[in-house]
């Protein structure tokens, strides 16, 4: 048995292109990883039996037929799509999501559908109606979520690259916990068409990969305006792999949030301080951004309020987006919703109801404006902001149970950038040898500035030893 | 517009009662058991406690943001897109009950 | 329910109307599906991820539907919003695929217009754009009572025109509805076929003791699919409510449907378990902004509207009652003007042309000018007749027709038509019936 499943996307493409490896051998190794690990980790909900056959058709395209794992909230013709909810058990989509059809067109193969928190409601993948996914780095721990299955598939080398989606943290947080790279693009950069909607003003598909370069390659494929999604932007899509290796010399970096009470003195805060030093040594201009309880120039508004904004906006949109699931045209009726979905639908219904919409929904959208103003000002002063992705290492299985605010607290460091639609990337920035668990660095920039986010991520990754795939090469 | 029933309005702190939970469940078309009511009410009270933090921020002069892209007037030209249309078979493939090309549900009565 | 018999009330009916019109765009409101539910080959053949409410289906608004709604608003004298947006309106019903209808809540495309009717002005509160639902059909299959759903209509663009409560009688409501129908037809934005449901009428009816104080209740009557039924339904409701009020009862705030067979309104079960639509701006649809230049461009594209056409016709000397009838889009103004000119050349007045068109129910879009002139000639041509000759012919006829003369004297004045015919026949010429009639009447009174 070989180890071609451990190839990065960049290397797999190159080696396939140069005929150094065959698709047969690649698929054999990926399949063998899946058969040895999937039952224990519970990553794939469905797999394409004909994946390799489809791969052969893609050998001359950009992605050369590589197997890609896709979160189960992307509609895929021929593969059941459930968003990990029993409500959609057995649902066979009659159409293809824009993201997966772009991947296919570029020669990618939708190898399988990955487990997630049901409806993407959560940050643990424990709320899946098909059982929790375990963290491949340490199966006693959670993979994070909601794209926990995709992050775990990458970490376990059960695919070459993966696709997830983020509403607030759902790409970056599981990537941090699984020690992989996760890029949340600018809202509107990647089409939501054919993705089971969660928070429509927040949802954003993006790559979860082994390296930053891999993420740039996949973003190139999936980005762009889509006539089936009116919120995708006509802003030009650059070649994200082009600028990748130009370094961070002169890049203005602001360190954010590590003076927050929940982070002071934590390993996560220390890891970010060290990361800042690395970037500084590479020529970046690094500065601390003080935390503030109110909107003030040159300070960053505490993420505490973003939790409230996100909770209200996302649940309001959830209550609306999940109204279509009545079991009449497809799926099963509303008795099949799990506890977390019920909670979110009901709270969202409440905050939009008569007499409450102004108090909660409108208020939340006003505070959202404050965050936009705050970031606009900060990005006139900084090129990127860095912070921990998660306050800590992956928590143990069961940690999310009976905690109605688990995800919000877990994802609070992503929420400000999510509610404002900014791009951000997680790159591994710390590792605990005892538990084999990772910490993640969250690099955020202004709208449409994925290029810079990727550049900073790449520079950091190439000059540190946290990336488990690059480490092996060294 | 229509005069309608609405959720009984609380003042001050957000504490959710089981009565409100029942009302919301009905509005959201979510069947819940009486055993769930109390647990849900407590959970909502906790969550709203976090949300209530927003009150600390003065937003009296702030416009709400409903979308972050800044896009406007994204309209499509009027034309039929056959590529996207389903055949009847596709449209009905996932439906639980069908009859002669229709989707079937238990009878809904308009009139009492 | 017994039909209330009382026809008159001392109370003032306060009526507002909501008219829904399906736009006849090629594609649906938020997706590229064919918008042609009435001619679809089979149920559920015009659907896609968006209008079938599939997971991941996202709406993209139809530009033409937006433009047509603005044009309709302009035709109704409305102000066009500089900023407008779509909102989600939530309720559960099997024909509503997404569990919400995309509609417009607080920032409709058009507001504050006015429609003039012969029974008084009706102010337009707002004109907004939304999507239609699927269609339900009730039946029994294998002994089970079921509803069948066809989503071909789901997502068809639907404009809602809402009035202020300015209507005060069934006739007034009918005049208003007809006017809306005519305007929509003139704009060619809808078939406005009430039988098929592409135009639907709803009336909000209440009775006020003091016409300056709005009543504290309102009854909404739906399911009205003709102008006649509208009149019936309102007449019925006024009587029903009046009877209740006379008994010191306040009519329940409710939705009722008109049942023409039973000639009553019947309470409808509310579609929602509670009416709280939880509106919020649809995050899938970026907002719309319009500038004055754009609005003026659309205004310039408006065809001539009935009101303006009536004025033009009256300026041409057409009697008001004829002008009203000819204002319909069935009678293009340019064709009418061609006919008037051609007729004038032959010595006929425009009102004679109008009279012929209306009385003979001529479809002037089909009928040739020559044919119209022929009819005019047969109806109105007067040959030159010597007055002496005329008088002797009249005398002769009166003598030949003693019975007709006797009938006339007995009060059956309609025999005059017969006598006119006889005189013309005797003369072998076309004589102005008016002239003959006056001679006959004069001779009756002097000679007989």
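By written order: A, B and C. Residues from 1 in each chain.
Definition applied: a residue touches a chain if its C-beta (ideal position, glycine included) is under 8 Å from a C-beta of that chain, and two chains touch if they have at least 3 such contacts.
In this text, all values refer to a predicted model and were calculated from it rather than measured experimentally.
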Centre-most chain, if every chain is reduced to its averaged C-alpha atoms: B
A-C against A-B, pair bridged by the larger set of C-beta contacts: A-B
Centre-of-Cα separation between chain C and chain B, whole angstrom: 37
Where chain A and chain C are represented by their mean Cα positions, the distance between them in whole Å: 56
Averaged-CA centre spacing for the pair chain B and chain A, given as whole angstrom: 25
Numbers and ranges of chain C residues touching at least 2 other chains: 48-49, 52, 60-61, 92, 94, 99, 149, 151, 276, 278, 280, 283, 285-286
Residues of chain B engaged with two or more neighbouring chains: 4, 6-7, 27, 29, 66-67, 69, 71, 74, 76, 84, 86, 91, 103, 105
Where chain A touches two or more other chains, by residue: 91, 94-95, 201, 227-228, 230-231, 319, 323, 326, 328-330, 349, 353-354
Residue ranges of chain C touching chain A (in the complex, touch as defined): 48-49, 52-61, 88, 90, 92, 94, 97-100, 149, 151, 276, 278-280, 282-286
Sites on chain B touched by chain C in the complex: 2-7, 23, 26-27, 29, 66-67, 69, 71-82, 84-88, 91-92, 97, 99-112
Contact footprint of chain B on chain C as seen in their complex: 25-27, 31-34, 42-49, 52, 60-66, 85, 92-94, 99, 136-138, 141, 144-151, 218, 253, 257, 266-269, 273-276, 278, 280-281, 283, 285-289
Parts of chain A lying in touch with chain B, wherever the complex brings them together: 91-92, 94-95, 187-188, 201, 227-228, 230-231, 233, 293-295, 304-305, 307-309, 311-312, 319, 323, 326-331, 334-335, 337, 342-343, 345-347, 349-351, 353-356, 360, 362-370, 372, 404-405, 408, 419-421, 447
Residue ranges of chain B touching chain A (in the complex, touch as defined): 4, 6-7, 9, 16, 20-21, 24-25, 27-32, 36, 40, 43-44, 46-48, 50-57, 59, 62-69, 71, 74, 76, 84, 86, 90-91, 93-96, 103, 105
